[in-house]
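Below: a set of structures, written as structure tokens.
Two complexes follow with subunit A in common, the first pairing it with subunit B and the second with subunit C.
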Partner chain A sequence: MHYKFGEPAGRYIGPGGNYHVYSSTISDVPPEGFEELPVHKMAPGEFNFQYGPSTGGLVESAGLQFITPGEMINSVQVDPTYKTRKLKMKGLDIERAILTVERINGFHASSNTIAFILAVEEALGMEPDEEVQKARILQLELERIRSNFEVLKRMGEPAGFGVPVNQIGFLRERVSRIISKAAGHRFFFGVNSPGSALISNSGLNEKLSEIRKEFDRIFSGLLQSKIFLNRLQNSCITKGKFLTGPAARAAGLRYDAREDSDSLPYDETPFVPVVHEDGDIFSRMIVRGEEIFNSFDIISSLGTVRETPGIKVEKGTGEGSARVESPQGDIFYYVKVNNGTLEDVWYVTPGTLNVRAFMESMKGNLFPDFHFNWESFGIWISELGVEIQ
Partner chain B sequence: MSNFWFGEGLRKGRKTERFPHAPPEEPPLWPSVLEGSTDTFCPTDAIKDGKWDSGKCISCRLCMPEFRPTGKQDTFLIKKTEPALKKSFYLYKLDTGACGACNIELGTIFDPQYDANRLNIFITSSPRHADAIVVMGIQTEGMKEALKNAYEAMPEPKLIISLGTCAISGGILGDSPMSRDEYHIEIAGCPPSPYTILEAIAKARGE
Partner chain C sequence: MFTYLAIAILGISALAGVFWRPGAYAGTIIGSAYFILSGFNPADQMSYFVLIASLVWIIVSLYSMSYDRKYGKWLAPSLALMIMGMMIILQSTNYLLLITGWEIMSVPAYLIVGLNRRESSPAFTFMMFSEFSTILIIAGSVYAFFVTGTLSFSYVSSYGPLLLISLGAIIKMGMTPFMISEWLPIAHGNAPANASAVLSATMTLMGVYVIMKMILQSPDNMGVGYLFLAIGSVSILFSSIYAYISENMKMLAGFSTIENNAAILSAMGLYLVASTSVLREFIFITIIIFALAHSISKTGLFLSIGNSPGEFFGQSDHPTSYTQRVGTMLTTMSLSGLFPTLGGLATWMLLESFFMEAYSGGATGITAIVIGSLIAMGEGMAMGSMMKILAFGNIFRRKLETKQEPNHIIISGVGLLLIFLFGISVLIVSGTFLSGIPSILIFNGYMITSRFGPADFGLISPDYILILITVFSLVAYAVFRKPRLREVPVWNGGAVEVDSYTSFAFSNNIRLMLKRLLRTKTGSLGSSVTVIDVFWLLMTDIGKGYKAMSKFITLRIMNSSIGWYMIYMIAAFMVIMVIAVKM
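After this line comes the complex of A and B, so read on.
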């Protein structure tokens, strides 16, 4: 297996299974300083209140417990376990297991499925096909564009910023329809299997370039909207080292699996990590926006992408792992396959580090900042609340 | 700056499609109504005796070519309507264990292409103000109580809508949070498309 079990080496990716994953190794040693966040003890004059698990203000069910003396948030605890799904995967054959992996996080289904399949291919000793790898990059970047649109849209909602919210929502839906045309399904379900990807980019680049033009105008407008930006600048800063994805890159850390994982050939594309320094909500917003443009560049550099039909996968035995950059950060999958059946499987979701960073960043900020801040991390509870069986 | 956005709003003009008063402009193939008659393997038993049950289908395509998608978006079943809710229809969404895709598609019906608000359909944050509860996802232990509380808090008349195959039948991932008989409206799909959701919700009011 490409990833070795051993001492911590490289940056921290997150906990998964009974292990801690780093950018170069899988270890049972947690990184220094990663102990549980200190629990805030209630001080006189403070009170706590529960938000969720089911509330119109959140897209998914999650429980948030705030401690505050009034407006300032002194502590927030996120409980992502309310909707924990117990998903049967061990003992399944690969084809059947993919149906479950796709639904771990439906909005980031291609990131999860591609990481899982790359791990399976490694376990089975399958050489990744160049055409298929291109089709995977195409999916991941389409997924990123759509996901970043969703984050930007949701960040505008608490500000009541109707026109850009609707315009970005419009573009996001256009991307969903492009995905549907290219891949048959709006969320890439049923598209991926070992050695194959049912997606083509025929006619796609022209449509994307219209979307790019529209977004360019909207994003420039957002960057001149002083009242909106004032809400985001210097708010909810996080600069710790346990960061991933856009939140890490917004805090000056050049962390990106497209650069430091060789699961996919991003070095053959114009990929450039987008890095900003301030670690505030504004930086997270600007990273998301600029990454959309880079994703457009990556997609248009791919040349022709054709559907690669399914192949017969031999029943093999082995271990494999892979890490890809999802819109939220690193996703890592480990699999152990025994005669074509999944004997063991676990994954690292970027949600773990993002929730932790969200909780840290909220401290000392005001309740009205909460929605902007929560959305800026783009956290998906579905990916966190899973018990693999 | 507000002038810029005002101008932008005007420049873009009206983006809303006429659906459901006209055919869908860009319907997806998956999910859509499947046609076929030969028994074949289906991981969720959505195909039995050559018949297809939309409420069990997860759009996995494993039944191809015996069953094929038609692009038709009416994968919903309306068992009860509430014409009293024609003037305004407030939905309370409840994610009992969804993967996120159903959540996204429900939100999409408020995007400009669909603009559910023009049909007097709204989201409310409180079950006390809701006319219908929209259940998404499989049953999970931690959300049982929230579902029960929301159901009890809703005033009459109330509609119970299941959105997505997980909520209807459990799909491939688990058990559904309520039995199929308890739902007044089934909106099938994994996830259902915004066209399907919009039309089903509009029709729940007897339109």
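After this line comes the complex of A and C, so read on.
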């Protein structure tokens, strides 16, 4: 197995199962300074403002408890467990397990599925061919474009930007339709299996080129709105080391699984990590915007991607792990396969570090910053509220 | 001779109060009522101060009958003695009586603050500022004696006595020149509510009275007027901000007192710089109406606060009765400058005065518009602090108490009195500013017209407002009847946990927005938001510096050394000789 159990080595990816995953190893030792965030002691005048789990401003059900003396947030706790799903995966064969993995977070189904399948392939000693790996990169970058569109759209909503919000929403829908045509399903369901990816990029680049132009125009417009930028700049700064994905790269950390994980051959693409230094909401937004353009470049560099039909997977035994860069950060899967069935499986979601970073970044900021900040991390509660059985 | 009978009654009441508490209050009521009968003359505008103060004393005494049981036997006599001092001030015909009354008023107040608290600092704070005020009044009186050759009140050709005595009175009103200090909220906030009402409503009124008396017998001086405007406008802004962020209800009311007195001081400053005699007359009436509105409203507010088991908003979770809510609502409306209460009229007249002066143009006009705007800002902030005390002290998450205590009725009575006074306010205003528009049923004499010359500037008809509100309310009630209320459980985002919005959170926006001004500090984990009163900090630093200097002189220079003592005696002798020769 590529990832060895042992002492911590490399940057911290996050907790999963009973372990802590680092960029090079899996360890049962947490990183220094990663203890539980201290519980805020209520000071006189403060009160607990409950937001969610069922409220208009949140897409998913999350309970947020803001402790505030009024206006300013002194502490926030996020409870993602209101709709915890208990997913049975252990004991399932690989084919059945993929169906479940796809549904852990439907919007990011390809990131989860590809990481899971790469881990399974390692466990079974399979070597995916170059065409399949290209198809996987294509999926991940399409998913990244759509996901970043969604984040940018949601960031515009609290500002009341009806026009750009709907324009970006429409671009997101156009990308979904392109995915649907290329893969047969707009969330890549049923596309991936070990050694196979049922997606082609026939006629895709021309359509994406139009979307790129459209987005360039809208994004430039957004960056010219002083009111919008004033709200985002210097707000909710986080620069800690326990960051992942765009939040990390917005804080000056060159953390990207596309660069420091060899699960997929990104070194053959024009991938460039987008790094900004300020760590505020604006930096997270600009990182996502620029990553969209980079994803377009990566997709257009892939050449022809053809559907690679499914292959029969031999019932094997072994353990494997893999890490890919989802739109929100590192997704890591560990699997232990015994005679073709899953004996053990656990994963690391970027949401864990993003929620922690969100909670820290809110301190000392105002409630009006909350929605912008929450969306800038692109947190998906569906990935967090899962118990794998 | 009969004029002094009221003072004698209060003296006897103070003595009686040592043995029989209700006797002191009954005596105060009788004495105050007699004081009105003997001292109030509608034609004499200065005598309105007698009416205002006496009304407050009567209300407070009625309230105190059942209030002060927990405060021991010294509260009632001290209160009576303090009121007696104020009566002496209002009846004084010379500087000696004024100073005597000033001290008789101050010493029992010190006793009340001191006996009420375990800590000695509020009483000492009060005493320190009180005595500083007395020293300035004595200095002003001596100056006036040297100028006029008599201790009796008469025209003084120099503005020096006006300046000195006014500065002394300003300190008593809670303002220290060019800044506010929180001595008044500390002192008034640490007294029992009935005493706080007398301190805030009438002790500060004595300051207004003395300044006005000195203005009327001094030459016009623009410099003093601008000084009053500067002190008033700065104080009104800061005190309204500090009131808004205060978490102690009594201290909030204390800051509100400074804010109102600062508004009156600004009006007195405007009186001194006003360009026309018509405007000056209008301003004088404004001062009286503002003083009346403030005194009655502040009394109601302190009495309402007195019904709370604690002084902090966080401790205020007791049930409140409907009558108390109505009374508190009307008093806070008045202190917010809202119609149909007397405070609404007072605020309108004050702002009209400044806007009229703005029409004169030049430096005075610009000053008037700037200070008028500052006052308007202060009034806006005051509305916020009053809504805070109304909501968090009486309504928000409070159970409704069905049992009516006599004090609740007194509080609601004060609120209704403010509406009544609003209705009859045309009786206070001189005929120059009364008119009417019979074509729309505002009969002559029922409309107050602001003017600084022959032409009208603005107008208002208190009775018309009252009638309109009453008629429309009755019509709405007749048509729609009592609205059908539907109560539903609180939806808290689907979570069970329910916490309450706090008064601290209500005013935290200002703490954060004005963080440079208020020196707001946001603590790290486990602490909250704190502000520093820079003025009070400066005051305490000056105090500490003075103490250090005294210690240095005591130990190093005047340390029983006969040599230094001789040098001091010789130097003092020479200074006195020089002064004597010069004079």
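Just so we're on the same page, the second predicted complex is superposed on the first by the 389 of 389 C-alpha atoms of A that agree within 3 Å, B and C clash if a C-alpha of one lies under 4 Å from a C-alpha of the other, contacts with A are read in each partner's own complex, and residues count from 1 in each chain.
Rule of thumb we're sticking to: a residue touches a chain if its C-beta (ideal position, glycine included) is under 8 Å from a C-beta of that chain, and two chains touch if they have at least 3 such contacts.
The model shown is predicted, which means the values in this text are computed figures rather than measured ones.
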item	value
Partner chain(s) touched by A:Pro53 [first = subunit B, second = subunit C, both, neither]	both
Contacts of A:Glu127 with subunit B and subunit C, given as first, second, both or neither	neither
Larger contact residue set on subunit A - subunit B or subunit C	B
Contacts of A:His40 with subunit B and subunit C, given as first, second, both or neither	second
Which of subunit B and subunit C A:Arg103 touches, first, second, both or neither	first
Contacts of A:Glu206 with subunit B and subunit C, given as first, second, both or neither	neither
Which superposed partner A:Asp267 touches (first subunit B, second subunit C, both, neither)	neither
Subunit B versus subunit C as contact partner of A:Glu32, first or second or both or neither	neither
Residues of subunit A that lie at the interface with subunit B and also at the interface with subunit C	53-55, 61, 82
Residues on subunit C engaged by subunit A in the complex (per definition of touch)	247, 314, 492-495, 497-509, 512, 522-523, 525-529
Subunit C contact footprint on subunit A (complex, rising order)	38, 40-41, 43-55, 61, 63, 65, 68-72, 74-75, 82, 363-364, 366
Residues of subunit B that touch subunit A when the two form their complex	1, 4-6, 8-9, 12, 15, 26, 28-31, 43, 58-61, 92-105, 107-108, 110-114, 123-126, 137-138, 140-143, 146, 150, 172-174, 190-191, 193-194
Residues of subunit A that touch subunit B when the two form their complex	53-57, 59-61, 81-87, 96, 99-100, 103-109, 150, 161, 163-164, 166-167, 169-170, 172-173, 176-177, 180-181, 184-187, 189-190, 217-218, 221, 224-227, 380-383, 385
